[in-house]
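Next up, some structures in structure tokens.
Below are two complexes that have subunit A in common, paired first with subunit B and then with subunit C.
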Partner chain A sequence: MGLTDGYINPGWLSPEPPFGITVPRNINRIADDPLQLCTDHYLLNVGPQHPSTHGALRVIMELDGERIMSGEAHIGQLHRGIEKLAEHRRYHQLATLVDRADYVSGITAETAVALATEQLADIEVPERAQWLRCLMAEVNRIASHYMWMGPMGLDSGAMGIFLYMQRDREAFIDVLEEMTGQRLMFNYVRPGGVRGDLTPRAEQLLRDYLKTGVKRMQEHWDSLFESELFQVRTKDIGVLTREQALSYGATGFVLRASGVDWDLRRDRPYDAYDQFDFDVMTRSNGDIFDRMVCRLDEVRQSLRIIEQCLDGMPEGPISAKLPKVLRVPEGDACGIVESARGEVGIHIYSDGSDKPLRMRYRPPTLYSLAMAESLLPGMLLADAIVGMGSFDFCFGEVDR
Partner chain B sequence: MNAWLQAVLWVLMILVVMLANGSLIIYMLRKVLGAAHLRIGPQELGPAGIFQLIPDIIKLLTKEDRHPNNSDRWLYILAPIIIFLPVLVAFGFLPFGYRMVAADINMGIMMMIAFIALVPLGVFAAGWASHNKYSLIGAIRSIAATITYEIPLLLSVIPVVIMAGSLNLSEIVLAQANSIWFVIPALPSAIIFLICAQMETNQAPFDMTEAEGELVAGFSTEYSAMRFGFIFLAEFAGNFVLAGLAVTLFLGGWTLPGVDPATMGILAPVVFVIKTYAVIFLFMMVRGNFSRFRIDRLAQMGWKRMIPFTLVWTIVFAIGYRAFQLWQPSLGSLLTSVFGGGG
Partner chain C sequence: MGRSPYIALDNQTLIDLVNALFDDLDIGAYQIAEESSLGVVLRLDAEDVLDALQAFRDSAELQFEQLIDLFGADVRDLVEVTYRLRSLTNNIDIVLKCELPYDASYSSVGQVYAAAWLPERELCEMFGLSLLNHPNPKRLLTTEGLPPFLRKSTAIRTKEEIWG
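== the complex of A and B ==
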């Protein structure tokens, strides 16, 4: 479907829409013409209990029929004061808090905290611990991507794919459970290393998936991405151009789907990422479909990293020797990691005590929310649901 | 027999069939859709969860019957009945076997499609009366979808009528028994008919009226208890009616190829029901696997693709069929001797 195929492309933001199509904003308000049907705009309150707002999001939309005239996102329904609570936790305990911020991919946020603390206290992390962090981060990244792609199918009406994705996610959640004892709130990465070593069963589970994974991903590709019904719902919709993505502070897959070749794992490597061979997947259109394909490609790359991790895992201790109560020198440090949703940054200020003076959590999806909101005007209601879903908000993270 | 008594018996039989069909489709939906989704479906109550329906019905019967503030109360109460009754009537035209049809009238197809086309009226009434914006959007979508699919649905029936030379459903079945199943010469019509039937029954990928991702539950958002139960019973019955109509029109109805229709006897309804559930199974597989249409895409597909295609195909078919009749009578009798029954 081209842009001119009878439709107003709802994705544009610039004042000059492409191909000379114009969206008449007040098409139904031409009251001077008695033959013109006069209708009014109305407000629709979507969420926070709406089935597909992916958490506690409330969007107030002004609708003209099914066309959205304006949309306003209200956040804060899941605010738990995680940043304030962090001021009353010791450095070892911070991981439990940030787990609950981004509850779908906890490992990456834990890694950010650990990186910041290690910078402050100048701790050397053993090599094996670094590799284990990368391994677990990739496992968690795949689990998180599947947790997003499945519900994207639900949003667009394809219910089957949701459960197929859950099946695949289950394999990775099993690995996480085996390694950390938890399925969601891992508390695995800690300053100086990690909490547990790679178990034989976890390695077996991962090797099993590596054998079948490519076939299963082909299944996902065939049943969802290849489906014309799905492509019609996602292509050329919710388009975020390269300039918009950069100006809104997009990171991660949103940025890469819009054509910016930037990945922290390659460009500012932390832990052991400089030792792995993987590609940064980018797409050029920046629409919903590209964001999805971009992440499916990322899953493939993550599988590559996992394979390299399993093959080349160095021997050695999994944690540095640290005192029970960690006191870091005065100062501040920032740990930035490539999370499943974008760049998670954790900035810790220390006053020299055993607790941080201030912790700031930079949630990537808070910025995505601003982008999604800016894309709403001009979209259809059905597209808006898929479009907002495509940014993969995690409201534990947005509201903190 | 007294005509009135006969009518009452027919209505009772249709009600029984409808309820049995509702419970069977619910169970089938849960198991088939579950299998398509890598799930198990109900399994706790009875072997393979076959008694799951009982607590469901108890739940529907005992739930609070509430209606929203500011709703149009009488319309709100009436809407599920408007949805339910036309489907009930449409059941009466389905031939389950030789003379096993409640209303064997010469306008069978027309009446049936006319009654099924009344359902969106009830859907719109439900959405309008609910005083809920999600319901209203769903209701308006159902009207927009109706005018999209009714026309190709009707047009796709015409080749069958041409071949059978009758609008009477029983005669269409017998005509197929005497020649071949109409799905073979009129395959494009059968496909269009199945697509439109999927739309008619509000099933995914055409479930825009209740799109749970967008509109919560669409037109039925505010309905609870037995009113909701009626809406769903009507939906399942609609499923059966459309599938049964597809079987009657294209798949030989209650007859089997090579079997004399006069000797089918009590086997006829069994054959009919099995064929119908095979079509319902097809509906369910489609339902479980595709993304939802957007309402404007649906209108585009309906008006720009399906209506022109069915129009052209119907004309081409009519001309081709006449030519076939004129020039190749010997081939026709050959086909009959190969595929057709002895009747």
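== the complex of A and C ==
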């Protein structure tokens, strides 16, 4: 959409700009059409406390009326120096730190740390531990998807769906609490395996949910996605083309909503993902609606993986035998996993001691932030609020 | 169950293709080898990185469509900058590494891969490099006047904080 689309000359304006009006900086628009209504551009601070910024994002927007001329994201309000702190932690303690990075889906980041450490130290992970990691990652993924979809309803004007999503998220948070003792900062996945075995109550909770899971998804579809008001707010808005998505380093659901068929769980299988039967859901338009549908479809696939995990969980130990203080050989390794928001990559440099020389956390939503910034010019302010929300920034991991 | 539609290129083929590609380019000394944990790693001079990235993106055989990650590390009094590229078509990653001295200037690669715009700002802020050819070369995460945090010489606490 061009910058001047949506400006309608009502016809009763005098051909000359009214006396006393300030000429906007973008002088070309007046040269194109002298009848246009000229207003001052003004700067608007969105955030860091605005609810739709989903965390501590501050965007400085230059507005012409309701239309955004440019936007610049200011981040860092949640910067805690996690990468620096990791250089002062042992390998077993890194999981605690990366939990605080992506605080909504911690299991996947923990898995990435574990994978990188295992590559460096050449550790064999027992099969049951791999399956438990997949199970917990999928449970956490659904909880994270619902945590995002509910507030997206709020952003676009639907209140009720938030409550329904929270109800469903609670079922998965209960499972995580039963298995790990925590509702958010799990500290569950360790180098060499996991910390706790599948309890009978957790299995019962999951089986109970699986009986009604698809029916509940249908409920969400009917009440939010089928709503015309919601579709008007989200279809053909914030469109990210396939080329833009590739160039901006999009991963995860953002890439899949733009029509690229790519999922690390299928194309670079880690843990036990090569043993599950699931589909990679893609959409073609790359707008807000597609990003949401893509994630709702993924919930269905995650439910399938959970069902297969529960049915086929192999017996055996849940962790490899490791020394209390893990020393890994010199070198660097990278563990990549498909998180709820995209690819989380943990790159660890080791100097042979018990602490990493450097740990890099690749935050998928830092790259999404650049995409959102590039989409802002030309959007309406109200659309931009929904548009920014649709990338699901998690500022714990953007700022680290 | 191994249903990936992409056929993965093997590492040796990738090395051969990169060598063939670099024959036509004006690239200085470089090393390419398979490293056990990272896959194929290409080490080259910092001034050749932009040309190499451009060639990787535009090459019809390699098709590295995405820059997945860009970051630095403080190793042996140098800043080692790492670029991780991915080809979805060939289902393979390549890691590019170059080394820069402290306080050197870093030239942006954002015009080749737009993914680099934000991580570059973080890299230069965290390692005290000066950012060139960037539309918005400001600090990303912290405010002006703070030391480059990820250098080994920067302690996580100052002496005053520890000893009062």
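Methods note: the second predicted complex is superposed on the first by the 363 of 400 C-alpha atoms of A that agree within 3 Å, B and C clash if a C-alpha of one lies under 4 Å from a C-alpha of the other, contacts with A are read in each partner's own complex, and residues count from 1 in each chain.
As a convention for this text, a contact is a pair of C-beta atoms (placed from the backbone, for glycine too) under 8 Å apart; a residue touches a chain by one contact, two chains touch by 3 or more.
This structure is a prediction, so every number in the text was calculated from the model and none was measured.
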Just to be sure I read the superposition right, which of the two partners does A:Glu226 touch: subunit B = first, subunit C = second, or both, or neither? neither
Subunit B versus subunit C as contact partner of A:Ile385, first or second or both or neither: first
Partner chain(s) touched by A:Tyr248 [first = subunit B, second = subunit C, both, neither]: second
Just subunit B (first), just subunit C (second), both, or neither: which does A:Leu366 touch? second
State whether A:Gln275 touches subunit B only (first), subunit C only (second), both chains, or neither. second
When the two structures are laid over each other on chain A, which of subunit B and subunit C touches more residues of subunit A? C
Should A:Asp208 be classified as contacting the first partner (subunit B), the second (subunit C), both, or neither? neither
Examine A:Glu330 and indicate which partner it touches, taking first as subunit B and second as subunit C; both and neither are also allowed. neither
Tell me, which parts of subunit A touch subunit C in their complex? 72, 75-76, 79, 81, 83-85, 88, 119-120, 244, 246-249, 251, 260-262, 266-269, 274-277, 331-334, 343, 345, 347, 349, 357-358, 360, 362, 366-367, 369-370, 374, 399-400
Mind pulling up the subunit B residues that touch subunit A in the complex? 33, 36-39, 133-134, 137, 204-205, 207-208, 211-214, 216, 288-297, 300
Could you please specify the touching residues of subunit C with respect to subunit A in the complex? 1-6, 35-38, 65-69, 71, 73-75, 82, 84, 88, 91, 113-115, 117-119, 122, 136, 140-143, 149-150, 154, 156
Provide the residue numbers of subunit A that touch subunit B in the complex, in ascending order. 6-7, 42, 44, 50-52, 66, 153-160, 162-164, 167, 223-224, 227, 229-230, 232-233, 380-383, 385
